[in-house]
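One chain, chain A, appears in both complexes that follow, with chain B as partner in the first and chain C in the second.
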Partner chain A sequence: MKVSIDEIETKGLRCPDSRIIFKNRTSGGVINLLQMPNGTGKTTIIQLISASLNGDIAKWTPKEVKAFKIKTGESINGEFRITLSLETNSIKKLTFLTRFNFADGVTDIYTTRGDIGEEQGWLPPSELKQFFSEGCVDVFCFQGDKTKDIIDESKNDAEITIKAFFGFNQIDKFLEDIKKYHRDTIETGTPITKENIKAKELQAKSWEVRAITLKEDYDEKFLEKKVVDKNVETLFKSQRRIIEALDGSSEQELLDSKYTSANNEVINKSNESWNDLKNPLLISSDLLTRLYVFRDSLEKMKLPGGSRSFFEELIREDDGCICGEELTDSRIKNIKNQIEQYLGDDEASVVNSIKTEISDSYENLKNSNSLKDDFKALDQALENRDEAFKAKEDYLKKMKELATPENKQIFEEYEKIVEQRLKLENILKQRLKDYVVETSQLNNPDGCKSYIAAENVAEKLYNEIGTISDKQGISESYKILKKVINSAKHNSLKEIKVKLADKTNEKIVESLPSGSEIEVLNIEEHVKLGWNGTSQSEGSGAQNIIIAYSFARSVLEEANIEFPLIVDHPFTQIDRKNRINLGKKLGSLMHQFIGFLIDTERAGFLEGIEDQTDVCYISMFSSQLEGNKSFIDKIEALPSSEFLKTDNGYVTYNKDFFIENEMGDH
Partner chain B sequence: MFRLHNNARKWGKDLVQGDSGPIKIEFDLYYIFLLVGLGLQKKIPLDQTLSGEIVRNYPKSYLSQKYKIAMLLLYTDLEESGFDVSNREIVKSKIQETFSANSQTHLTENAGKLLNNYANGGFEAVRDKMNRAEPDGAVFLSIINQEFLPDLFR
Partner chain C sequence: MHKNIEENLKEACDKNGLSAETFKAVKTILSKKINGMSVPAEAAADIARVFDLMKADRERNES
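For the complex of A and B:
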């Protein structure tokens, strides 16, 4: 199925009232570029699109709803409508309309599906419901720094996406259901032993409650972190703008990129050192030589002796000696004394393997200096990173000193919010830690800080209760079923990840200039990048974008569905040359591209898309802001059929207007 | 089978849980302590009540090292005990005490305990040089290299 956005309409919201029609066609790609001055409501529109598609808009809190109210004016109502085309054999329309009541902070959603009239509620067609979820919508609706989230080692966005697209969330829900059934059934069981089943039930319950409490705390902190992440991003951008205004150059960008590449080098070198250190025979060539001599000495000692089992068998069978003589007691005693000097088969097999290993290592590694070289390179990389870090910090300090008191506060707020994010990350990590609680701690659920570990204990205790009650059969079936489902889930997830990594790499090759040394090494919870087996934490700005788009396309292709690609600031972190390159290829990436562009991204990109046949140039701005006066004068000079004027804004699809008027900061 | 002193686990918590660097699981830490303990021939008996099992068998990424680790344990302990490594009787009896083909680690239960004692000795040696574990894995490895590697297995 192919899903496209036909149009959106806004009224009484934190962006100009407008109706924007996006271009689409049945075959080939279309690029829709929407330019709006900063602060006009780009982020608002993307948030509205995303929340309408994943249904979040129906769950917003009063505070969140009120945040969308128009800044000026007394209106207490607002509206957002999004209309989609769903194309299979025929084209059907789907519309979500959200009515905002800002006085009470509530939203009412209405859905119109094909010929069925308007119905109250967020009701996507059943065939799309799976894809209209947070994990899925995030793949094609890129808000903020989403392109980096997929490759960020500390985030699990890639896995969340895969799980959402390929039905793993439904499997988890099913596992939850059978777990609940199992526990409910166990509680109705009667003990079949004298063990104190009641005490165990109470213990299991207390761990179950602890797991739920910790999970709730995790969910709460997870949401809190999302808000903090956004604040970090906003403050980072504000800080960068202040620096650019002060310094007028992009030195911070350069210093950041130097630090990133120095840090990547540290990661690579520490991985290389660690891989070599994992072979203890590389630590010292003296040791290797001594072990080799020891190996020789084992050979000379005839340890192990291979014939011990032969003689043991001979005695056991009691069928005469190999020399033809009878095996008398004294002969048997003599043989036993002799074979006692040799190793048994068990030890012998280990010793033989060890001997082979030492021989091989000696031949291959006797002249190796690789560990020393690795550590030398690591020390150099650490030194370079320290220097890059210091240069970055000194620069920031200098800029902070030059800033006005008001702007200094932005620097300080940024430092504080980064610290807050770190604290939250640590708590989240603690909540997710998968470990086995020690027996001595079983009476202390409050001491456990991980919902996974607490859930493990509860599960173990319920299983134990099951085995000592008359519900033993249910308990055993549950264990087998859970094992089978988990194993199938684990294997499928692994296979899909491998497939998606390959597919993403194919697309990266298609889109990046030849000779680009970057690829997806594998997909864990994040997309792991590198080249020739050596990992790196991220690529250049252009590479990160191509990787994110390629991953998104691969997921959609594998799930057999097409969505438009919606991107806020698609080209901010890319240089001019790469913008031209991306612009040329953009039309072939998705059937419908919707990019929210600002002035600083135009250079290069507009040249790149010049040859594209289907580009829709949309300009939108508020008529209420003094800074937009020049745009108003120019748009009013156009024929009236060329623009739409609303109570507080303008929209035009005029290409020349788009090209001639750059919209960014006022 | 693989156990670490509770103090060692607490000491290395930030390093293992940290984002950066290759030290990602507790066994990575155990392995470093073990190398240091074996390399310096330093073993300290591990109190079972003050320690916890970090993992029963070798994690996947260490399976290929199991013979080398078994060999190092045998050889180091022979040397540390002052035995003649070319004495057939002594070597044979030590092999029987140490190796078992029936366990995933190829070590007997007692050899497993001995291995833990060396790891514990290694931990104390590392802690003598580092009051708290350096949370950045790359820096930590660099310190281990500078402070220990040249002196190991001399």
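For the complex of A and C:
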């Protein structure tokens, strides 16, 4: 299946009114480059594309809707239309039209699927529905720093993407369906024991309700945190700009990097300590000594196994005793009684392995101070991190004092929002805590703050009810089916991650210059990078981008679907040499590339794509801004068929205009 | 449904004593779910059928 963007149309929104037609073709790759001056609506357009494709646009809050209103003018309505070409078995064209009502802060969505007329609602074709979701759209529609999110070890974007693309979210929903079926059926059962089934049902219900309430709260807080994260990022950038103006950038970058490496060291040392803590022989030297004593006892057991096997064979062959006498039943019985004291071959080999393991462990660990050393190193790492944190805080305080009253406000807002984020993180952690509720607390669901723990109790109680009612069979089947689905889910997720890591590496090799020492080590919740088994948190700007594109392509290929690659500022963090290299490769990466770029990204990249045959150069700008006067004069000098003029903007596909006019900051 | 999911589902069904027919029924529901083709109103009936098949599997395995 293949999806391409044919065109988008905007009216009355926070970007010039326009109709942009993107180039596409049935085979080979096409590069669409859209240049717009900064602050005139690039991000707005990408947000609109992304939200139309994943359906978020229908769920926007009034505040979010109103944020898309055109900055000038009194219009209370706006419109965004996106038309897609589909290569599926049924529908060939798909259009999502969103009408904005800024007065009420609401959107109305209409879908046109092929020959079926316009229908109200966000209605993607069923065969594509699983791909038109947040986790999927995010992988081919890169907004902001998205290229780094999949390799960020504090984020789980890579796993979210994989789960969305391969249907794991739907498998989870199926598990929910069978859980619901089980509980609904259990409630119709009649008791087969004298136990008070009704009381137990009420208790199970109360825990189920508690779990739902806590899950709803978790979802709400999770969305709240996403907004807070965005605000933290914006305020962090503003604060950084202020500091750069006051003191240059090197000091803050140095302090940040010192804190990051001190924090990584704490994580490493914690992991080492945790691994050693899992080894009981390191915790107790007494245990180690006693194990060695146990080994001595094993040494005294009647070995070898050969003697037992010999007699077993003798009885089996039934060819008389070695002494020449006949093997009578009573003699066989006697031999069997005697050989019981000896170990068989398999048992002897297990005992020998145990003895060797104990000996090795004893020799390796008898003088070990590993745990003590671990804790000492962890203490030191924590101390270093505290110091790095304090140095960072002191520096920020100093900068805040030097800032103007207006800029001080930014520092304060940043402090507040970071605090708010921390609070939200703690609540989210609490809601997700997986633990067993104590029996004494079973009558107090309100005391539980974790939806996972509450759900565990509900599940346990419903299972108990199942075993004491005439619906035992249903409970038994439910347990097995849950086990089967979870096992299939767990194992296939693991296998798909390995496949994707291999595929991503193949594509990295194709796209990066030879000798680039970076690869995907494995995929956990994030894509873990490194080289020759040694991990690293990220690559260079160009490497990170290639890795993100390679991962996206691998996921799409494995899921057997093609989408356009849509990127905001595709080449900002890349040097000139790598831009040339990437420009040359771009046409072969995806069937349709749509890049929103500014002047600073052009150097090198335009040289790189010079030899590409299918490039669509699109320039778009507002006619309402004084800074665009020179563009207006030049575009008006073109033949009228070469550009589109709307009430507040211009669009042209003229290559020379694109090359000659650099659009960036005004 | 991705082939790794299908293969692992088959393996898990075999390991837990579920018949080929039960595997097929579970696979059909899951495929419909993943492909966005499932009808909520039919969900309970589909699951009930799987549970019936599992009951038959259990009885067959016990005898």
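Here is the rule we go by: the second predicted complex is superposed on the first by the 437 of 666 C-alpha atoms of A that agree within 3 Å, B and C clash if a C-alpha of one lies under 4 Å from a C-alpha of the other, contacts with A are read in each partner's own complex, and residues count from 1 in each chain.
FYI, a contact is a pair of C-beta atoms (placed from the backbone, for glycine too) under 8 Å apart; a residue touches a chain by one contact, two chains touch by 3 or more.
What you see is a predicted model, and the numbers here were worked out from it, not measured in a lab.
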Checklist entry - Is A:L287 touching the first partner chain B, the second partner chain C, both, or neither of them? => result first
Checklist entry - Just chain B (first), just chain C (second), both, or neither: which does A:N491 touch? => result second
Checklist outcome for this item: The answer to whether chain B or chain C touches more of chain A is B
Next on the checklist: By the touch definition at the top of the document, which applies to A:V266: first (chain B), second (chain C), both, or neither?
Outcome noted: first
Next on the checklist: In the overlaid three-chain picture, which partner chain does A:K129 touch, first (chain B) or second (chain C), both, or neither?
Outcome noted: second
Item to check | First (chain B), second (chain C), both or neither touched by A:A559 | outcome: second
Next on the checklist: Taking the superposition on A as described, I'd like to know which of chain B and chain C A:K173 touches: first, second, both or neither.
Outcome noted: second
Checklist entry - Which chain A residues contact chain B in one complex and chain C in the other? => result none
Item to check | Residue numbers on chain C that touch chain A, as the complex places them | outcome: 1-2, 4-5, 7-9, 11-13, 15-18, 26, 29-30, 33-37, 43-44, 47-48, 50-51, 54-55, 58
Checklist outcome for this item: Contacts from chain B onto chain A in the complex sit at residues 17, 19-23, 31-32, 35, 38-39, 52, 61-62, 65, 67-72, 75, 85-86, 88, 91-92, 95-96, 99-102, 106, 137-139, 141-142, 145, 149, 152-154
Checklist entry - chain C touches which residues of chain A in the complex? => result 126-130, 166-167, 170-171, 173-174, 177-178, 181, 184, 473-474, 476-478, 480-481, 483-485, 487-489, 491-492, 495-496, 499, 558-559
Checklist entry - For the complex, which residues does chain A have touching chain B? => result 153-154, 266-267, 269-271, 273-275, 277-281, 283-284, 286-287, 290-291, 294, 297-298, 301, 303, 341-347, 349-351, 353-354, 357-358, 361, 371, 375, 378-379, 381-382, 426, 429, 433, 438
